[in-house]
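Below are two complexes that have chain A in common, paired first with chain B and then with chain C.
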Partner chain A sequence: MNVSLKRIQAILIKDYKEFSRNYAISVMILFPLLFALIYRSDGGEQATMYAFVMNFSLAMLTSFVQACLIAEEKERSTLRSLMMTPASMLDVLIGKSSLVFIISAVVLAASTYLFGFESTNILLLVAALGISILLYTAIGTICGLYSKSLIEASLSVFPVLIIFTVGPFALLFEDDYPVLAVLNYLPSSQLSELLTNMEVGASGGDLYMPLVIISIWAVVVTIISFILYKKRLMDY
Partner chain B sequence: MNIISVQNIQKAFASNQALKDVSFDIPKGEIFGFLGPSGSGKTTLLKILTAQLDPTNGGAAVLGKPAKLMQKSEQKQRFGILTDTSGLYERLSIEENLDVFRRLYDLPKSSIDKVLDFVNLNADRKKRVSVLSKGMRQRVTLACAIIHEPELLFLDEPTSALDPVNTAHIHKGLRYLNEKGTTIFLTTHDMTEAESLCERVAILHKGEIRAIGAPAELKKTHRDGTLTVELTSGKTERLAMNEDAAASIASWMTSGQIDRMYTNELSLGDIFIKLTGSELV
Partner chain C sequence: MNIQAVIVNGQKIVPAVEFELQTSKVIGIQTNVQRKKMLLAQLAEQPDTYLSLVDQGEYTRLTVEELLRFLKNVSGHKEGVGSMLRRFQLEDVKRLKISNLTASKCAYLSLLRIYYAQQQTIVLEEPYFQLEEQERQVFARLVQELSAEKRIIILTGNLEDALISCDEVYRLDDAGLHHLDIADSDNEPEEQAEAEEADFKVQKIPTKKNDKVILFNPPEIDYIESINSLAVVHVGGETYSCALTLAELEQRLQHYGFFRCHRSYIVNLQKVRELITWTKNSYSLRLTTGQDSVVPLSRTKLVEMKKLLNI
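Then we have the complex of A and B:
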């Protein structure tokens, strides 16, 4: 498929202007920063709360903004206009996802700084958060594609927020409800485990296994989002 | 050379036959009008010609290539489209909306000034789309469709929301574009627009083309063979065109009684009603 950097840049610039003037959506960048300040802590055992702040931010910022950007284009029929220009489906998807990726990366980095999380392996942390942003962007794309309006899109992100943010905490009841063990495989649980393992100085498989599981999630959900995107655009 | 060549296209949606064996050609440089009421199959055909839909049977060539390739970037660079579902970015200004399209078509910045002159919106370029009237939005949408001066332009009701002054301005611009070589495929309900702009029109009804030709030819074909004479006395006579009528006219002319005289031609709207038995709405 034909991909053009100039067209991706055109869509990125357009989305940035729209995002910066849409206060109902752009206000979302404040939540991760606010949560980082509220839950910041000094010293040891930061990982659990830091993972909560990151997981919440990924759902509330990354998935939410992406879902709203896609749903609004559909609702206002601008996606159809875009598809009649030389922009390919991939140009549009990459252009829209790039903005969300950049915003999420900057805000999560700022949140990490405000929270004061001390990482023993900065590269691993960047990789885990980068892959998670990709995953949550793909989830947002799916939510946006199946929403008819902006309001529907914003509501559709709540199940994601609840499952992925509360999931790791529900594991506290795993002994009473063994079925909850399945929540171990949530990407949010894996991110939490990775951060905890980093904090206690683990190495090798204890660090890389969660990253592999998050990566599998990211690849599978991104492929699904692309297939659905292609299919929904043809029906739309 | 034909810019559009449609061969026996059929399209069915479940039990509904939207298009039944539609065929026609549009040569390069023509303004072709596609007339039909809502649900007649106009939009379905437009979607097939722009590869948004596949036909059930038959095929079409557009800009020298099969219509199914119209979603390729190289082909999309060559045509423009304005439909009733074309959207604009509400939070951006007119100029910013056009800048999105300019960048997507990889055009110089001067293309924005040129197209704004074309749609008569240069003075309002900084206004946000959200505050524009329906007519102004329609003009911005049209500007987005023609910013790259396409070889082929698909227009679906381009002046439906415009006042007479702006309609005349757009018509003038479309003729100018056409003179520069753009072929225009226009769907409209407005018979005056079809007559003044189109070199040929096709009348579509329930998925079938009922008539095709130049508006003047269609009027000639469907005229009823009578003429009306308005006399100075205020009386109006409708006469069949034969020897008796010629004698009567000669007599009135000799005595200076004729005020006005004309052949009774049907309008395009009347022809549509005659061919389809339904109103063009």
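Then we have the complex of A and C:
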């Protein structure tokens, strides 16, 4: 599979125009900003709230948009004719993912600003969020591959939203149900833990452990999404 | 190009066919929906082939100009968007979103993707089906232009559509690929037409069915049999009774390639597919009409028929 920057750019621009004119999808960029404004006043446990807003935005924006972009292309069977052009499957995937990455990065940065989250270690925060965006993009790809239409794609994001965003809250019942300790290893729980640790001023292993776990998630899910993408499109 | 036979439930739907493709010659294949789908599935497997299917969707939120720019960049086509718009006669709608175009324009736009195809062979499924007159003309011209460098096949269920821009038209049925001889009416020598006019006689075979008189052109008839001294005309699996006697019918039809193959049968020789030899002196003729129509052939008539057919 050869990858060409020119083709990736063409796909990115095309998808950007389609995204910005499809209000049913592009309205999603408002939710992270809205949530950031609603929850900003909290003084004490700022990090937990901020982690929730971020986790919610990643699922609702990153995964959702990626799933919709792929599903819509399949729904209108434009993907098939795209496959017959010199553009490779990788070109299409990278083009779409980079658009989603850019949109997510901008919106998350804006909502961080609106929320007023102050970090002691900006570099670490950016790295954690960047890796998370990659992870949620890959999850979105998988959702998109398993849905045939836009409607299916938007529904398929809900399990992601429930498991990843609500997961950390289920940890409250950990004492009653020890099984739930597994949820500690969700990337969203890890992001939450990382942000809390940063707030209390921890250092060393406490900061880097969550980042490593999120990275492992990102790498594994990205590889799975690549394999599935290749396999599903072959059948297609 | 080779197409393999497709057999469903022991019935041969698509026979194995082979045809030659060349540039500057647009091939049209007319067949039914089922065979078209099977043919397309096989064509998709062929290397270096671009398929333009009838259910091709479009990026409806882009404008015409943006779509062409996207196609140009993604396929690495050389020609600029401006000159392509002129060539496609789309300049007046270039700023319109594709969702706002008429259905005909939108279908036309989807078809234009073949212009950006890198592949040497291009297969078009029902290209003219959704096009209105104006787009048809433009697209037919573009296909002709494109055929100078690409090999183009048009698959359609409608013969008229195939005639719009194909140089050679074939019909595909379970027996194989039949070349349709299509002469341009302008080229026909006129004196011949005049000569025909002079001794032109209308020859129809009157038949009756449910108290209705139905007239058949001789070539339509498969065979005629005599049942209880009443002539029964078989056309496409249906039977119609005829008031004429077999002798009269034979006389009327002998110039149309009919042959009295048996004391009580007249057969249309054009429709005979197979000569079956049961024993040394018992024969039958199987017809092309498919529905196991077999007509007996008497031994005495066999020699006569062989002479008639030069075999």
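The rule is short, and it goes like this: the second predicted complex is superposed on the first by the 233 of 236 C-alpha atoms of A that agree within 3 Å, B and C clash if a C-alpha of one lies under 4 Å from a C-alpha of the other, contacts with A are read in each partner's own complex, and residues count from 1 in each chain.
One rule holds in what follows: a residue touches a chain if its C-beta (ideal position, glycine included) is under 8 Å from a C-beta of that chain, and two chains touch if they have at least 3 such contacts.
If you're wondering where the values come from, they're calculated on a predicted model, not measured in any experiment.
Novice: Could you classify chain B and chain C on chain A, in the superposed arrangement, as clash or fit?
Specialist: Overlaying the two structures gives a clash between chain B and chain C.
Novice: Which partner does A:K230 contact after superposing on A: first (chain B), second (chain C), both, neither?
Specialist: Neither partner.
Novice: I'd like to know which partner A:T78 touches here: chain B for first, chain C for second, both or neither.
Specialist: A:T78 contacts both chain B and chain C.
Novice: Examine A:S88 and indicate which partner it touches, taking first as chain B and second as chain C; both and neither are also allowed.
Specialist: first
Novice: For A:K148, decide between first (touching chain B), second (touching chain C), both and neither.
Specialist: A:K148 contacts neither chain B nor chain C.
Novice: With the two complexes superposed on chain A, say which partner A:N22 touches: chain B (first), chain C (second), both, or neither.
Specialist: In the superposition, A:N22 contacts both chain B and chain C.
Novice: Of the residues on chain A, which ones does chain B touch that chain C also touches?
Specialist: 6-7, 9-11, 13-14, 17-18, 21-22, 76-78, 80-82, 84-87
Novice: Quick check: in the complex, which residue numbers of chain C touch chain A?
Specialist: 50-53, 55-62, 66, 69-71, 73-76, 97, 113, 116-119
Novice: Enumerate the contact residues on chain A facing chain B in the complex.
Specialist: Touch residues, chain A against chain B: 2, 4, 6-7, 9-11, 13-14, 17-18, 21-22, 76-88.
Novice: Please give the residue numbers of chain A that touch chain C in the complex, ascending.
Specialist: These residues of chain A touch chain C: 6-7, 9-11, 13-14, 17-18, 21-22, 75-78, 80-82, 84-87.
Novice: Looking at the complex, which residues from chain B come into contact with chain A?
Specialist: 50, 71-74, 76-77, 81, 83, 85-92, 96, 100-101, 103-106, 144
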